[in-house]
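We call the chains A, B, C and D, going by the order they appear; numbering starts again at 1 in every chain.
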Amino acid sequence: MTLIKNNTEVARDKARVKNETLKVFLSEFFGTFLLCFIGLAINAQFILHKGTLNQWINVNFGWAFAIVFSVMATAKTSGAHLNPAITFMFYTYGNIGLIKMLIYIVAQLLGGFLGAAGVYGFYYEAINHFDHGVRAVTGATATAGIFASYPAPYCSFFGSFVDQIVGTGLLALFVSAIIDQRNEVPSHLHAPLFGGVLVMIGCSFGMNLGYPINPARDLGPRIFTLFPYGTGVFSSPSTYYWIAPTFAPFIGAAIGGWLYHVFIGFHLSDPVKKEYIPISAEA
Amino acid sequence: MTLIKNNTEVARDKARVKNETLKVFLSEFFGTFLLCFIGLAINAQFILHKGTLNQWINVNFGWAFAIVFSVMATAKTSGAHLNPAITFMFYTYGNIGLIKMLIYIVAQLLGGFLGAAGVYGFYYEAINHFDHGVRAVTGATATAGIFASYPAPYCSFFGSFVDQIVGTGLLALFVSAIIDQRNEVPSHLHAPLFGGVLVMIGCSFGMNLGYPINPARDLGPRIFTLFPYGTGVFSSPSTYYWIAPTFAPFIGAAIGGWLYHVFIGFHLSDPVKKEYIPISAEA
Amino acid sequence: MTLIKNNTEVARDKARVKNETLKVFLSEFFGTFLLCFIGLAINAQFILHKGTLNQWINVNFGWAFAIVFSVMATAKTSGAHLNPAITFMFYTYGNIGLIKMLIYIVAQLLGGFLGAAGVYGFYYEAINHFDHGVRAVTGATATAGIFASYPAPYCSFFGSFVDQIVGTGLLALFVSAIIDQRNEVPSHLHAPLFGGVLVMIGCSFGMNLGYPINPARDLGPRIFTLFPYGTGVFSSPSTYYWIAPTFAPFIGAAIGGWLYHVFIGFHLSDPVKKEYIPISAEA
Amino acid sequence: MTLIKNNTEVARDKARVKNETLKVFLSEFFGTFLLCFIGLAINAQFILHKGTLNQWINVNFGWAFAIVFSVMATAKTSGAHLNPAITFMFYTYGNIGLIKMLIYIVAQLLGGFLGAAGVYGFYYEAINHFDHGVRAVTGATATAGIFASYPAPYCSFFGSFVDQIVGTGLLALFVSAIIDQRNEVPSHLHAPLFGGVLVMIGCSFGMNLGYPINPARDLGPRIFTLFPYGTGVFSSPSTYYWIAPTFAPFIGAAIGGWLYHVFIGFHLSDPVKKEYIPISAEA
């Protein structure tokens, strides 16, 4: 592989970050920012233009591709977790340490917060057109649901908590299956398959809360909406509802990931070794 | 491939199941549980939230990805049949023996039963909201269709029986084509392609019964619904209707699989064996 | 590759057809039968169950996967044309001779005819439920459109003819691009990509006639419908309309295929040769 | 790879264009023509047949596949930019020079203009049926939106300009990520992934203007519509609106592409060079 020294290569020689922590921080921050900036804009099209443009299938495929490309862009620099619950799953696996986990989570939350700010700015005119300038968390002109999750009317706190355990659990379970080297899924297909998992969860477990299943994508934007929407975003429909999408995903991710290993992963044979000998690392 | 001894590897060294039968049972049980837990939740979103969330295309793609990832997770441990009719097809191929087939089918039925129980618990609040707590098999508030198939009003028993032969037959036919080594489809694409077959069948042969085409996915949940819904689940619209989705798939799978071989598979040439010798690296 | 002598292998040893013509005939007949049996069933779900089940996106993706899997199953035995216009394009390329082209076309037409018969039988109860047993080519209970194409009311014969030239032309153009060895598209992706081409054409050039773009898929079923629907199928909306979907595709396929070569294909460089030496043909 | 000397090969020997500039011009012209001819036809089906055929999801997937196959057909001859903003991004990267950029852009604009002419001719009957022969840029029978973008009523010029910077920026960002050799995405997947990026942008940032994000696709057709629709196409909703989709994409593409490199691309390690030595064939 010969890389031409074009302008990006020349700039890279000067600007390349070699500090591992900073590189990871930039990657997780930027990846989660992209994921939330795109994903919350999908929600905006769904809520503000219901029926004419986005339907539920657009929400499912839109978010799926947002995951696909955010992961694809950041996979080689930080592993593309983009989700504190997935980071926590890797922590329980012993793949990363406590400090690194906290760095990941701070970067992700910051990305989620700024992603929400970006969508608020981008669709400012459209939101004003929809609610005539009066921001509402509930009611016919409510738009807070663009940014953070609010449960269906029938849904209790317990139901919401279980919902987020199950949704994030399935995500973690299938992520673990896809990346398990013994399953021999080519690494360039990991990101597209994660997208498929999101479509699947959106079609099956999206009815109660809208499948946030990612604290950075729910808490980050919820904190941002404190400014334009007021404290109602932390008290609708109850003062403790926000705990469900913020904390249940951690429990779900750990359970889901380990369940995969208990039922399947532990018992897989090692693939027959096809030998190759790496020659040199300079490219 | 060097596998790092992280926590999952350490646990694997202790917990690994080497008994082939137990490994296969765990895999088929867990895979069919996941398939039905996710798939029946898709049906729930379709029936309980019609119009606003899931449309037919969500049902098609949702079930497709449920197949894709359930198969991908369990392919290396048990071959990922997840369907007694497909297991029976392999039995007629002579790939597995009678005892093994029965073990597969018991594991699959158990997975289907528990998948239904899981969805019933998960969407308990949503179902209550929809039917005000009165479980119904027929009528405007019927929800039994979340779990097992009930035919369209115009559909006779004979029509239902043929429907399941044809639907499962097409599934078995294309599964046989995709996995036929002489067609040289890379094995990591098998699961995604199975998903595409499901979308295709849902768009073409889903109108009469809703394409169950899998006895574990239909009979397992139907038995579960005896408890909350009563015996009506075995007598609607007739006392023998349930026979169609339970037994016709076996006939269909055998016919479909062998039809592929009679028209195509038998006549394929063996692929030319290629051995690659890398000559030079300049390109 | 070691192939286990299971029942299908044992049967293959006895039943294998080595006559090239018969093998090709079986393959093209069976592939076109599958394509039309599945595809016309998709149309049936669209027409008989409008709004509740299939929408236009289901028609697009359903037919796409019908192409994908019909092609995948028959690619190695006959090249999976499954369309007389595509066969004619290969004839103009000099890839096949006149006699072979005629064999392909007869097999394809027979497949289309029997595919229509299969769908008519399969959805007999559903069609009766829809039209109360009175088969109609036009009007509110018309169902002839399940089997063959009928133009939108505004569409002239000239418009229909151009429509089929353009639609089939685009199909032939992109098929030629995908299979051009100089574009280095892996052969296992050809069939899935053909499906994508169908989705694209259905979303762009499906409004006038419903994109038949395949004489075997239009004329074969139209001849079948002479029996249940009467001669109206050849005189609606005019006695010469049927000429458009029957003959224009041949013109379109030749123009589209060669246009690709004139603008792109002729000017492609040969890929850098990565040498491999085939060792033996026994597998 | 042995290429059979069939008719296309024989013709190639005579007609092959070896002049690099002409080859590139033909490729970018033809690719952008195909993209716009297909894409604007998708818009026609959306606007003329709203509800019955194309919904927003059809527009998203239809345009996506139009990109996929236009790029796939022209990738090896000209790199398949098909978009002046993407060409400009490569210019800022130093991958192409000023003269070459101008050649690309002229070819693309010409392709867009003729693509619009083609769709106008193709759907002439359908447009007449819809607007009774009176071409309108605004109002209930407006059809100018088939060809060029017109903003949502609430959308200011500033909002439109930002919209096109953001939409094209995301396109350029992810195109840069996908083609970055250090991300090791196989080149045959580039075109399909570009399609996914389009679906994503259509579901998230399509509400204001309908995501043209390509001056050749917006200005080329807008100039064509001067003839049938009159000067209103350059003065609706304001005389300077057309500046947004024409010039903002250049700014967006440069920002988006470089943002990828600043946050991610600069900091990627070179992949370890692997040289495979096949050891044994028993597996």
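One rule holds in what follows: a contact is a pair of C-beta atoms (placed from the backbone, for glycine too) under 8 Å apart; a residue touches a chain by one contact, two chains touch by 3 or more.
Chain labels with UniProt names: A, B, C, D = Aquaporin-9.
Worth saying up front: this structure is predicted, and the values here are computed from it rather than measured.
> Based on which chains touch which, give the shortest step count from chain A to chain C.
Minimum step count, chain A to chain C: 2.
> Would you kindly say which chain has the C-alpha centre located farthest from the C-alpha centre of chain A?
Result for the farthest chain: C.
> Quick check on chain A against chain B: do more than half of the interface residue numbers occur in both copies, making it same, or fewer, making it different?
different
> Between chain B and chain C, what is the separation of their C-alpha centroids in Å?
28
> Find the geometric centre of each of chain B and chain D from their Cα atoms only, then give the gap between the two centres in Å, rounded to an integer.
Those two chain centres are 39 Å apart.
> Which residues belonging to chain C are in contact with no fewer than two other chains?
55, 57
> So in the complex, the part of chain B that touches chain A is made up of which residues?
Where chain B meets chain A, its residues are 1, 3-4, 6-8, 10-12, 15-18, 23, 26-27, 29-30, 34, 38-39, 41-42, 44-45, 48-49, 52-55, 57-59, 61-62, 65-66, 68-69, 72-77, 122-126, 128-129, 187-188, 192, 195.
> Could you list, by residue number, the parts of chain D that touch chain A in their complex?
55-57, 60, 92-95, 152-156, 159, 162-163, 166, 170, 173-174, 177-178, 181-186, 189, 193, 196-197, 199-200, 202-208, 258, 260-279, 283
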